[in-house]
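Both complexes below contain chain A, partnered by chain B and then by chain C.
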Partner chain A sequence: MKNSVRSLGKVENIKGWLLSGPYWIFAAIFFAYPFVWLVMLALSKWNFISPRKTVWLDNLVKIFQDPMFWTITWNTTRFMLYFIPMVLSLSIILAMAFSKAKHFQAFFAMSFLLANVSSGVAYSIIFTQLFSVNGPANNFLYNHFGVFIPWFSSPSWAMFSIAIMVTWKFMGYYALIFLAGLQAIPKELYEAAEIDGATKWTQFWKITLPLLNSSIVMVMVLAITLAFGIFTEPYMITGGGPLNSTQTFLMVIYTDAFLKYQPGYAAMLSIIAAGMSFGLIILTRKLIERKVEFS
Partner chain B sequence: MTSRRKLVQNTRAAVFYTIMFAISLIWLYPYVWLFLSSFKPWDEIYTTFIPSHFTLKSYTYISTVASQVGYPFVRGLLNSIFIAVTVTVSVVVTSAIIGYAVAKVKFSGSSALFNFVIYQMLFPGFMFTVPLYVVIRSFGLLNTYAAMILPSLMSAWGVFMFSQSFKSVPNDYIEAAKIDGANFFWVVFNVMVPLSRGTMAIVSIFTFIGIWDNFMWPLIVIQSHQKMPLAVLLAVFNKTYGSYVGPILAGSVIQTIPMVIIFVIFRKYFLQGISMSFK
Partner chain C sequence: MKKKVGLIFLAVIMVVALVGFSETITLKLWTAPNPNQNLFWKTLLPQWAKTHPNIKIKWSQIPAAGSSEEAILTAIASNRQPDICTNIFSGFAAELINSKAIVPLDSFPGFKDLLKKRDMVNVIKGWESGGHYYVLPIYVNPMLVWWRSDILAKYGFKEPPRTYSQIYALAKKVVIPHKRYAYQAVTGVNWWDRWFDFITDYYAASAGKPYIYPEKQVAVFNNKYGKEVANFIYTMFKNHYTAVDLGNLPFYTGGVVGKVNGPWSIPYAQKQFPNILKNDTVVTPPPVPDNYPKDKPIYTFADTKGMIIFETSKHKDAAWEFMKWVYSNPEHDVLWIKLTQMPPAREDLLANKLFDPYLKDPIFAAYAKYVPYAIPTALSAKTVSIQQAMTNKLIEPLMYLKTTPEKALDDAVAAVNNILFQ
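And then the complex of A and B:
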């Protein structure tokens, strides 16, 4: 009896390793091996062809001396400064509207979520056309307000325009996250506040917003991750211009590794970008995450 | 008094729904504009909203003329379908099997496997772009379908999703099937997966959309227009023939449609997937 239990355990053990074996092999080839390469590249000078030379932290020093690094850091910061307040406030408002809507809920949700499944290349093409100098957006603005906006052709507007596009794409998604957060808030809190004579405005600031904390943190984390991963929009629409105002980390990693043949520099830059986004996420959680207790 | 309050209420509701519809239409506008414009005569793309007459000129151009100048869009569409279907099927099948190993097989590496999967998900994908290119290049796989397919055949996220879902299936189901003489694969695909249909739908949808819309990776590893997926071929065509707006918009419609169809069919699971990702 004891023997058969032990052999059954042995069989399970062999089975487990056999089943997960392919995954370990796959991860060794496409995760661990590239990981080793990532570290080696980051410490090397290489052009894909001539022998690789280990230069230790030269790439790191070069990156901090490179004005382009500070440009893309500033551009990514600008993007977050436009995008996060815009998408956060709009999607909270939208979520509150969703929760008020008694009819057509499905239609509203669909219209906003459809944007989220747009293809990166296709929606970049659409917005290039819509926001072009003579495009529909400018026609509308000119006919009704007499103004033109150089959406993608002015260094001060281009990143903002990209932030608008990305907001178009993600607002519905984030609003659903907030909607789930709103639905978790006990109705009694609002009733009690009503009895105490609190206005809707006070209720929003004192009840809704504090109790949405975990959803807000969640959306901020998603938005920061997204900001460090922007590539398709600037590649398709502006090529990083005008005057490098829409260069991003991934644009520079792509250009340096595959057009300038400096994979070492690009690998180090990708480690720095990942580190920055990770650090920013931890900082955000430290600063705004609160333990909220529903009682 | 009451009728007046009702009037106020009704007006409020009317204003509310009018605003909601207006904003929804603004959000749909880019799609509608794209769709209508792809059927417009080329000189009307910027001048009218509703075309004076519908024409398939942009579509015939992109399916015939474009391929004569070296941009085979029909083939690009088939490439995209081939890559996305292969990857999606592979990810679902392997994630189910490995997820089962994590959740239901007691072996000495099971918690290590689970921790490793979570650890992998911490790293942003873009960190691996450059080294993965070096690896693919050292295998001699540049400019092949394998370069686009192999690195995506299994997914840490898929394994995680299936293992979480399988953990909630009672062991009795598995024992009962085993007593009836079911072998391992029968248990996974005829007992476990049908009980986790929602997870399967979510993993399939997000994998399909992710690989269909993947842009940077195929852009890097594929040079030949014959092997490019639609997204990259469209981007390359857009760079060289940017003034052919009609055909580019027609290509964008074709690139968008599969994602929209999948979204509309599986929207229930899509919503589930969103709420699961933040639990």
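And then the complex of A and C:
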């Protein structure tokens, strides 16, 4: 009896390894190996051509002494301050609008998702044209209000304009997440609240928003990750300017690695950026994540 | 018996030698990812194959990546680099030279003959590094200013402006705020944009003097020439003769009367704005300070790229043979002009009758004329950092009127020297 149980365990064990094996192999090649190489690179001085030299934490010290590091940290913070409130509020409003639609709900949701799947390079070019000094946006503003807005050419406006673009891209996607969250809220809760005399506004603040907590946390996590990985829009539109106001972590990592031939420095910067975004995600979850029960 | 064995042995040796000598060499060639240049190589390589059956060329364009440099560096890191590569700009060449990744071309026999045959003895001088030449420049794109002759005529200007004061005079007449400006004084805020504004203007103002001394690797552009250029840019922005944002396609929409362009703009304009190019465009060298002598040629920046042979190549002599074959025949340069409309790196474009048919186009002829006066960027592996510092410390403070031209220049030179010293 004991033997048959043991051999059954062995078979299950082998089955387990066989089933998970491809994943382990995949993870080893595409995650573990690049990660180990990234850490080695971060501790090295190299220019892709000459032999690599280990410099231990020199790159880390250099990064903290580099004013550009503080500039991109501040720029990323500014981007998050513009982007997160804007995308959260607009995608919740959009999700609520979707949920009210009686017909073609999926069609509307998918239409807004189109922005998310469109090419970053293509829409960056389109936005550059739309918001240039002689583009339609400024022509409209000038004809109706007599003002021009230097969307991408003013240091105070450029990052905000990029945040607007990125909000447009991700609003539909995040709205889908919120729509799923809204559909999971039991209707009875609203009915009970109405009987108790709660206004729509109170219902939103006391029922909808608290019960959307898990969706909000998820969108926040996605938005923070995105903020540390933003590249195409500033690279295509502003080139990091004006006055470095739209330089981002990825732009500096790319330039340092491939144009200044300092992949070690860039690797260390990428580890720091990843650490910062993970830290911020943990902090966000600690601050806003709540256990939500519908019963 | 002994005789028979001897004969068989001799026959075997002959067969082995024959096989050995007729062994086909394959060279990997990477060229710029550009449709017009692709067409050039596509046309040329079958001709090589006909005359050189023993040296096969495995041609492809530089793999897709963020930039050619990125693709080449990753190829070097993974030991997949080709034997021969084009599209090498001087800053990248300097890094490859420092790392001993490329071969000095002057070590090959016939190097000097090739320079003479292609009439590029002076053109190649800007590529010298430590007394050697590692890159063979393929083309030289002088930066010239395109002016809208229709707008100039409308305001009574028979000739396009030559000096800074003439541009100011033009601006006073033509500027309509938010609609039209006189001249695009700054191209953009990317590091490479400095080639097309400050460095172009500096070469023009200084008659081609270096902004970084090559031997000592010291920045010197806070001299009198740099001051003239910085003052010009500052004055343009201060008086609203130009603007930070000039809108989409400002030259073609009339948003700006003059702007620096390379010859690569010709095919685009021919397709998109043929009438403006044909009837309303005149081309001049970059503007110069008021006291610049009238009889002195005006220099400009050369956007130039070249060909290299990697040190790792197992067939360097064959690679050199190929390079010599491509660039010793002027017919190949005729084909180059026909397909790319970029001036080849040779000084006889105006003198050699072979190029006459292409000189009928006045815009191409202007570019061809300035090839001998076009100077490449300073040969430094730190080109990107240098030009980023120029952008942050010089150009942007001037554009946004954050400081005086003198202070901006001094700050930029200090920042560049700091980079060079590291």
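Just so it is clear, the second predicted complex is superposed on the first by the 257 of 295 C-alpha atoms of A that agree within 3 Å, B and C clash if a C-alpha of one lies under 4 Å from a C-alpha of the other, contacts with A are read in each partner's own complex, and residues count from 1 in each chain.
Quick note on the criterion: a residue touches a chain if its C-beta (ideal position, glycine included) is under 8 Å from a C-beta of that chain, and two chains touch if they have at least 3 such contacts.
No experiment lies behind these values; they were computed from the predicted model shown.
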Partner chain in contact with A:41 - chain B first, chain C second, else both or neither: first
Partner chain(s) touched by A:271 [first = chain B, second = chain C, both, neither]: first
Chain B versus chain C as contact partner of A:186, first or second or both or neither: neither
Touching partner for A:85 - first (chain B), second (chain C), both, neither: neither
Touching partner for A:135 - first (chain B), second (chain C), both, neither: both
Superposition-derived comparison: chain B or chain C, residues of chain A touched: B
Touching partner for A:148 - first (chain B), second (chain C), both, neither: second
Which of chain B and chain C A:250 touches, first, second, both or neither: first
First (chain B), second (chain C), both or neither touched by A:240: second
Contacts of A:279 with chain B and chain C, given as first, second, both or neither: neither
Chain B and chain C contact sites that coincide on chain A, given as residue numbers: 48, 129, 134-135, 254, 258
Touch list for chain A against partner chain B, complex: 9, 12-17, 19-20, 22-24, 26-27, 29-31, 33-38, 41, 48, 97, 100-101, 103-104, 107-115, 117-123, 125-127, 129-130, 134-136, 139, 168, 171-173, 176-177, 180, 215, 218, 225, 228-229, 231-232, 235-236, 249-250, 253-254, 257-258, 263, 266-267, 270-271, 273-274, 277
Chain A partner contacts - residues on chain B that touch it in the complex: 16-17, 20-21, 24-25, 27-28, 30-31, 33-34, 37, 45-46, 49, 94, 97-98, 100-102, 105-110, 113, 116, 120, 123-135, 137, 150-151, 153-154, 156, 159, 184, 209, 212-213, 215-216, 220, 231-232, 234-235, 238, 245, 248-249, 252-253, 255-256, 259-260, 262-264, 267, 270-271, 274-275, 278
Footprint of chain A on chain C - complex, ascending: 66-67, 69-70, 73-74, 76-77, 95-96, 99, 101, 178-179, 188-191, 193, 243-248, 250, 253, 255, 381-382, 384-385, 388, 391-392, 396, 399-400
Residue ranges of chain A touching chain C (in the complex, touch as defined): 47-50, 128-129, 132-135, 142, 148, 150, 152-155, 238-244, 254-255, 258-261
